[in-house]
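You will see chain A twice below: alongside chain B first, and alongside chain C after that.
Let's look at the complex of A and B:
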């Protein structure tokens, strides 16, 4: 057997077929490029389309695609058409880096968007900085990306974990009590989010009754929940995300814990609430963007546009992340009339998003100093069933502007080094 | 306080373990008779869950519980016939690689059909609450799961002990060559055995869908503990698999009390210790995998 594996034998026919195919490829490929006419401007996107983050990643890509369509319909970027090249990071750092390199080196993209996974986003940022490509992190939240590891070419649309914690801490403390127990996912995102929450809690004068570090991908949370209840906290804070959030919240409700302890957390997503049965849609959270914003310009149109490509479903925050990331490139490039990464990065500093892109009431801009988008937090409560729409699963109580939730630039640990 | 916490977690561990037992028995059946390490078992669990999700609106939760496992088994039969049968008799590595690939295909297939977005599965309301305020972690549904597992295990052992098929499966596990020489259709035997294994995976899928979120990736997290249950219990021994599943459930439950971050790692440590001190597992027969 091994000899076959290590010494594959090609016969004459196979060799001929292979040669013919290769020949055809040589003729065919320039033809494809010619057919496109003028070379388009390329945006590369790396996101985990397979694995546990497939749902949010797919939605980010959908949002970016919508943006590209709209950009092209309005004449493209610098008069050229824009093309989106999507690669699957498979929720793996190595793969993500490899795909980013492929997009930059082989496909010659001008811009990069990605990744949902914080670890991959940070790793890709190393590559884009080295290759001098303007990069927007669409959905990876860990602080360091616009904190101690910030880079001149990297901007971020979604919130930092600090911003998430700051948006809800006060409400939870004053409304629900001062003894908090945490269920924290045991990786970078969870740790920074936990630190942010406990810092806030200490400032407010509360106490932590315990922290259950759960491995990513935990299916059964019962053991942690038994411990959490024994500690008798006022609030049970769930910091887990994705399928972990779904499993954990479902079990919390089955155990009836939500009737004894207040259940809350920081980041909650429509993807998670939609995957839960109605009785398990409980708790106080923050959304990073919400589709139901009566009277806010542009939102209704955006919702309608996404419904057309999303089986009639409404956009989630992830759609908005992808959309805003792609739109930011087009807006700034058309304003500056260049694709030069350094010039565009400088121009993006303190760049304010227009109404039809920001899609929220407050002022939204990329902050000079750490390149973090000052985007709002939608603080509110999950609701089991929407009144007018089955997808209205969240009640927004307050939209807190980004510069209220973000710590000052001096506290982020970010010092941007511009290329010489 | 501490004793109560410990007691709670032992009981809770047994409940979790019971679920692993159901998965692991299916895996174990297939491994014992056909020497196939079925990495796609978690995939079949997902298929079972999604079938239940799809048919529940028409025939209700109880109908889905009855119908989804046999439907999954039929899919399993087709897969066995087309993909796995040609690999019998070859090095187990072949079927391992095949089922490993199959697991990815099933995951992406479910994503393609049902979408990457998780699906909510609602269970009958009277099962969805705890039995008492103190023993809040024993919900009607979890108790129901344990009962279903007990019935399934009892039926499986009865099948293996008293039916012709069962006797042949057990005989085949010990010495397939002799069984074949006695004129028994080994191909058919393997197919039926595979179907029984996949039936259990489908049943696990329906049960899991009621308690966890239904997602294309949900099988992966449930598969590894089941493998470990087999190794700890001993390859070749179904009672061993049963004990192994319960043991790892309790071990991870108890670890969660003292050192929560290690509650997943502990089952791997257990496997390592068993492999070092008693390579055949607690109840395994020597030389099963040689």
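Let's look at the complex of A and C:
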């Protein structure tokens, strides 16, 4: 009996055959195309669900899903149901492009949303322009997408790096002083953000005492912080993001640097503040969207809806990006009564978002010249503890409208060429 | 002997028929033409790596560098030099191949794990150059703003930009060309010498074969093929980015070659097919798709040390 347990009656070959059959079953199943009833309108979404940007990408998808639910509850798009197809770009350009092609060629989507990574977003934009598909970039910030590489079919919801810099530069300069020292992540996003900040500073008449370029994924910032302290600036500007931001701020507080120099930066995200210990939640920043806006219509309902699907947590700016991107398609398509990409792109120019989508006090619209959404910057200060909600980690001082932060269209370098 | 020969011919014919008809049988099965194009290009890259790994017996872990150089070569040509697809392909191949030829001189002096490590090191050098030289390569954002151009055949123009099928057949033609040359080299006395080196390096040396020079030539040829595959990849994406040069990309190529079967000529193509299709399908289903691809790789290495194709051939024999 025992020998049967220890020497089962199947040999390696049988095991292999079984495993192969099982494996084949897994692969074979996708190739069965399900029967379709009335064809729904499809929105494709490409986002880096694995890799460094997994958290923000996941939140964008969650926001987009909520939007689809609400659209369908209200009767869908042109009387048809809407379906969201999500693909993982794995934070890799080749994969992202391949997934965009898959969505367009095989799944025949009408619209595309994505990507968090600016490089992938730009590469996908080439595909969508070639295939004439309306495309909204939800979360890639690099200027060129609505700047020198702008396209007739590409719109963007999140801010450009210029807009981020412009929103806080003035406040920092007048409040804290004119000698700035930078800690910049050493890649495209960091470089353009640094250029934008220093341009502003020069215009205001300030000086840069130095710039520490840190590789993506740095854990030990002590050497950079010692150099920054020695330069004796008025303000220390942190441009790093994600886990780099968390490590850097922690060490700034451990060094007591925030007691000697004002700590500030441009883009800050709720995801990062939540991951910090209370004493390290310091500094002046800009949020691209914030969940606590007393008196602004629609916000409370949006927060409550997201809490239901987000383990009770509040929405971040990324939820709003995904939500607004999907909503924009439905709004404009229902208004124009068509899914034709060229007509819809023309209709989206200077298209103003209604209260229950924009979820902020100022006027929000897709600007005609460069297709950039004129969305507000929420300038304020991080706070160690929320007054009545543990997730209220930020105090908004000023909501600056997008018109004030965005450079004029002529300065973006964008000239849109429409298809013949 | 004769039966084996006919069987070989049948298999070869089957492979080419499957490749020629790919756009027609992939769509009903849930695939799409662009996926088949990607399989061809990555398959060619894996076969180029296998030219070195399987037939000369040295493992390069930095071949993505020459792949990426090919992509940048093609992209830069289309963007700055001339709007010509064939010229871009040639430029990409030359950039990848020549860099391989120069660095190969330094690399071939090492063997085994040291060879692999030196190739990684040189590969990463190119990765960081592409990453940092933003003004030329676009840095982390990648090189964009170019697209493949229609091919002028005199009598008519082949529109490979908007027609997915035409582009597939164009890539298949390039693939056939490269694979033909590769097969021809392997059948030549030089190819036999490579296999001799793989089987017993010391004995080949005693026979008077200049081993270092042969490995260098094999390495260079492999880099030329790799550069060619990279140039095609740039045309597939209309884009080149530094991650294409990264050693993790080299790892993917090695994985394709080993999974498919590194002793056989067609093995890496099978490996690339499995890898690309699995990645494409699984990543739409679960975000943990990498675990499944990894699991498959572990199973293949444990149970089919000769790769998937090696297993099929053995079970038939």
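As a working rule, the second predicted complex is superposed on the first by the 384 of 420 C-alpha atoms of A that agree within 3 Å, B and C clash if a C-alpha of one lies under 4 Å from a C-alpha of the other, contacts with A are read in each partner's own complex, and residues count from 1 in each chain.
Assume a residue touches a chain if its C-beta (ideal position, glycine included) is under 8 Å from a C-beta of that chain, and two chains touch if they have at least 3 such contacts.
Worth saying up front: this structure is predicted, and the values here are computed from it rather than measured.
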### Task
Give one of first, second, both or neither to describe whether A:90 is in contact with chain B, with chain C, with both, or with none.
second
### Query
First (chain B), second (chain C), both or neither: which does A:122 touch?
second
#### Entry: First (chain B), second (chain C), both or neither touched by A:354
neither
### Task
Tell me which partner A:188 touches in the superposition: chain B (first), chain C (second), both or neither.
second
#### Entry: First (chain B), second (chain C), both or neither touched by A:50
both
### Query
With the two structures laid over each other on chain A, which partner does A:255 touch: chain B (first), chain C (second), both, or neither?
first
### Message
For A:215 in the superposed arrangement: first (chain B), second (chain C), both or neither?
### Response
first
### Task
Once the structures are superposed on A, label A:101 by its partner contacts, choosing first (chain B), second (chain C), both or neither.
second
### Query
Touching chain B and also chain C: which chain A residues?
50, 54
### Query
Tell me, which parts of chain A touch chain C in their complex?
12, 16, 19, 23, 27, 30-33, 49-50, 54, 86-88, 90, 92-95, 97-99, 101-102, 105-106, 118-119, 122-123, 126-127, 130, 142, 144, 149, 187-189, 191
### Task
Write out the stretch or stretches of chain B touching chain A in their complex.
1, 4-5, 8-9, 12-13, 15-16, 91, 107-108, 111, 115-123, 128-130, 133, 136-137, 139, 141-142, 208, 211-218, 220-222, 252-253, 256-257, 260-261, 263-265
### Task
Using the touch definition up top, name the residues of chain C that touch chain A in the complex.
27, 29-35, 38, 131, 134, 139-142, 144-145, 147, 161-162, 164, 233, 236-239, 241, 243-244, 277-281, 283-285, 287, 289-290, 296, 299, 303
### Message
Using the touch definition from the top, list the residues of chain A that touch chain B in their complex.
### Response
1, 50-52, 54-55, 57-58, 186, 212-215, 217-220, 222-227, 229-230, 243, 246-247, 250-251, 253-257, 271-272, 274-279, 311
